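Both complexes below contain chain A, partnered by chain B and then by chain C.
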Partner chain A sequence: MKFKRLAQLLPPPVGLLPLAAVLLVWQCVAPDESPSFPPPSNWWTAIRGLTADGLLGPAVLATLQNFAAGLLAACALGFTLGLLIGVLPGLRRWTGMLLEYLRALPPPVVVPIAILMLGFSPGMQIGVIAYTTAWPILLNTVAGVAAIRELQLDVGRSMRMPWTVRMIKIVIPATLPAFLLGVRVAVSLAIVVTLLVEMFTGLPGIGLLMVTGQRNFNSSQVFGLLAVVGLLAFCLTLAFNLIEGLVLSRWPPRRSAGA
Partner chain B sequence: MAEAVFDLQGVELVLPAADGPRRILSNVGFSLGAGEILTIVGASGTGKTSLLRILAGLATPTGGTVRFRGQAMDGPQDGVAIVFQDYGNALLQWRSVARNVALGVERELRGEALAARVTEALRLVGLERNANDYPWQLSGGMQQRVQIARAVAMRPAVLLMDEPFGALDAMTKATQQDELLHLRQATGVSVVFITHDIEEAVYLGDRVALLSGSPGSITLSFDVDLPFPRDQVATRELPRFVALRHDMHAAIRATGGHG
Partner chain C sequence: MKYRDLFAGVGGLLVFFGLWQGLVSSGLVQYEYVPAPSVIARGLAGMAGGAEMWEEIGHTLMAALLGWAIACGAGTAIGVVLGLSPKTRRYTLASVEMLRPLPGIAFVPVALLLFGFSIQMELLVIVAPVIWPALVNSMGGVMAVSERLTDVARTLRLSALSTITTILLPAAAPAILIGARLALTLSLIMAVAAEMIGNPVGLGYAVVREQQAMHPDRMFGYVLIMGALGILLDAGLRGIARLLLPGEFRRLSIQGRA
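The block that comes next holds the complex of A and B.
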């Protein structure tokens, strides 16, 4: 049964066939030395080369570490602030415009400011990831708190729970599905921003390797890294689905996917 | 005479509505003696739930006085348990049935004692086999009984019940009615029981009150002089039962009936 649920998280394997077909055609059609569209076998060679030079492993590790640190910070920040703003209607009114404005800033434009403030450091990268990905988490959490029915809180009040207990037993669990919906958006956004910052600033990671490959006109390396990034993103999304599925198994099934 | 549990005089309730303030209740007065079952009947929208929320300390009347054991009310009182009409929102959907029933007592009881209390309450409503289910996996009538178990588990001195048997089939309803009478017999709990079912009101009540009009007020109230223990078949065939039911119907028709 557990296994079945796991299998349900994966898209059906036949979906791999078109991808395999495209790669196969590409392999057969592309000239071996093509500067723009090198055949997939060359990607593999390029990646093997990077591994042999001891470049790929540390780059993947650095990217993953910063991704995870940034996302975790975003979760903590977004959830805490979201709860606060959701619970205190006054705060919500006073911060509404500010939040809308800050949220509308595209992620790349915060990088120069972050560099000015924190320098070219992993801390700066984590800060940028956390800042940009905290938004969907925060806004979903606020919406989640707002969606709690008055009656649910009345249940706690009628049992004379202090507000801290009501928070822990009612508000936080009731908000969890909305929070996770925000995290789902944040995961894909965090991947984008992590790589973006690496490409932008030359901090170590897969993004930097890609830019280096591009500057050396090593298209096989760029394509190979693209495949690696795709695989990483796929695994991260899958891992998130798994965690979300485990956590939400006690909640009523979502009425509509997404939203 | 023992001190009244609830004593209401000239209670008014005005709530803001889309088209300005709306009078919901007007000049509502009654008292509930210790160990008494007061049933309140009324058509939909006459303010039964609003009245119960006032008794629960969840709503503040805009006029009149509400006393609980001789003291002016200031919020939910100790020893008062509530069964809400809207069972879907009154249960915490992410908690199992057993953990929902435990909600009101888990701060004072632990381990074995808590488990025993929960099992006892679930047995009373016939749901001991559903302890590990989640509310969203149960039918409406079952969810309603989980709520009753949650209230009973708190060993309340006063039970406020808002159409608690509304979603039950006739057989289960009869069983639950008798369980409630047994519970009062065994524990001396005082009950305010809201229903739109006249037969049920007469069968269960020591006293019946009719809430009608707009704004709602108590237009009729009488003692039910039917012998105990009551019996689903024999009691309902008593000429006195039939007469009381008749009076009640007549009174409702006179006050404008339903709507």
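The block that comes next holds the complex of A and C.
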């Protein structure tokens, strides 16, 4: 059952042929000591070397931990604020322009600001990830609340539900699909920001390993880590798709709610 | 109604910057590296007088737009082909899904190895992630073109080329433009990131330089410029889209597509 669901999320595996062909040609054509385009077998050797030195495991772990902590904080922050702004139309109007402007700041430039204010620390890294990735979640949640039909809210009112029950039974379930849409954007953004902070500040993680490899002109290591990052990002996206599917099958989005 | 929103929106901005100014200049918040908005404005005014800031804006804009154009051109072309042919889709889609999540930032070390400090390095970092929204949205747009429209093309015995240019591309244009809009935002982000860790020029490097030189007023100034730049680029693209697209497609909403 689970595997079936997993298989449905993925396109047919024959589609991997072009990628495999490119890697195969690369392997056959590239000279063994190529400084720019090392053959894939060398990537594997470099990654094996990193593992043997005990460098790769901790780096992957550090990156994943910061990614997860930042993203969870962003979900909590974005969803709570989004609900609040969404249910209070006055607040929505007054903050609209400010939020659009703050959202338009490219996430990378938040890093130097955070370094000035918080210094070099893992807390700074998590803060930056949370701040930058909260935006898509917040804005999608606000839009989700705004799209709830008046009729649905009226049902709650005519049943004399207290405010909290209306939130839990009507507003939050109706907002979930929009919230998840925001999280989808946030997942890929969080990976980017996590790596960026590591590359920029030298805090431990895969980003730092990549930059070290580049500074040592160790192209095999850089390409190998690129493949590792790609695989990690793919798995994280897939995991999100699974979770999204589970949540949406429990609280299915209503067409009428989104119109 | 519209004016009320505008009024409240501007009011919200004024309250935000007013609070910031009040808290910092009254000394309630004393934080070494957070200057008051008035100080940032003075820093910005000083920079606007010189040529350096304008050159930096020009460089970042050029890199972002060039990368965007390349990525959109290639992405849309591939996307249209994939959208047209289920067979091609079958034999490539898994590769696309495998490569798509690869974060653009991970290309910075590779790009530095290949190109050193150069505009090519920035372009690789921009194009690698930006091509995907263009590709996926144009593919989806072409796939969603109604069967009836393609039947019309067949009835009129249009050639393959004129079917694409007169029927498919106009029908898929809204989806393609949504991809282009997402791509534009991402291009600016990637250009700035590439300049921060890689090629030391442009706005991205300027922010880092001012941070390291402990000039928080100039650093915040550059940050505010980038926010404005992002909004202007987006507004510009929407303006162009409004000119190009007929009535019902004018509203280019990202909702549900992001």
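A few points about this structure:
Keep in mind that, in the parts below, the second predicted complex is superposed on the first by the 246 of 259 C-alpha atoms of A that agree within 3 Å, B and C clash if a C-alpha of one lies under 4 Å from a C-alpha of the other, contacts with A are read in each partner's own complex, and residues count from 1 in each chain.
The rule we apply is simple: a residue touches a chain if its C-beta (ideal position, glycine included) is under 8 Å from a C-beta of that chain, and two chains touch if they have at least 3 such contacts.
Note that this is a predicted model, so its numbers are computed, not measured.
The superposition on chain A brings chain B alongside chain C with room for both.
Taking chain A as the reference, the larger set of touched residues comes from C, when chain B and chain C are compared. By the touch criterion stated above, A:117 is placed in contact with chain C alone, chain B being left untouched.
Of the two partner chains placed by the overlay, neither chain B nor chain C lies in contact with A:145.
Using C-alpha centres, the superposed arrangement gives chain A a vertex angle toward chain B and chain C of 90 degrees, stated as a multiple of 10. When both complexes are overlaid on chain A, the residue A:236 reaches chain C alone and has no touch with chain B. After overlaying the two complexes on the shared chain, residue contacts for A:59 are found with neither chain B nor chain C.
Of the two partner chains, chain B is the only one that A:155 touches; chain C does not reach it. Once the two complexes are overlaid on the shared chain, A:128 sits clear of chain B and of chain C alike. In the superposition on chain A, contact of A:71 is made with neither chain B nor chain C. Taking all C-alpha atoms of chain B against all those of chain C in the superposed arrangement, the shortest distance found is 11 Å. On chain A, the surface touched by chain B in one complex and the surface touched by chain C in the other have no residue in common.
Residue ranges of chain C in contact with chain A, taken from their complex: 4-5, 8-13, 15-16, 31, 33-34, 89-99, 101-110, 112-114, 188-189, 192-193, 196-197, 204, 207-208, 210-211, 216, 219-220, 222-223, 226-228, 230-231, 234, 255-256, 258. In the complex of the two chains, the chain B residues touching chain A come out as 53, 56-58, 75-76, 78, 80-82, 84, 86, 89-90, 92-96, 103-104, 107, 134, 136, 154. If you check the complex, the residues on chain A that touch chain B are 149, 151-152, 154-155, 157-161, 165, 169-170, 173-174, 176, 250-253.
Remark: chain A residues 10-19, 35-36, 90, 93-98, 100-102, 104-109, 111-113, 115-117, 136, 140, 143, 181-182, 184-185, 188, 191-192, 195-196, 199-200, 207, 210-211, 213-214, 217, 219, 222-223, 225-226, 229-230, 233-234, 236-237, 258 touch chain C in the complex.
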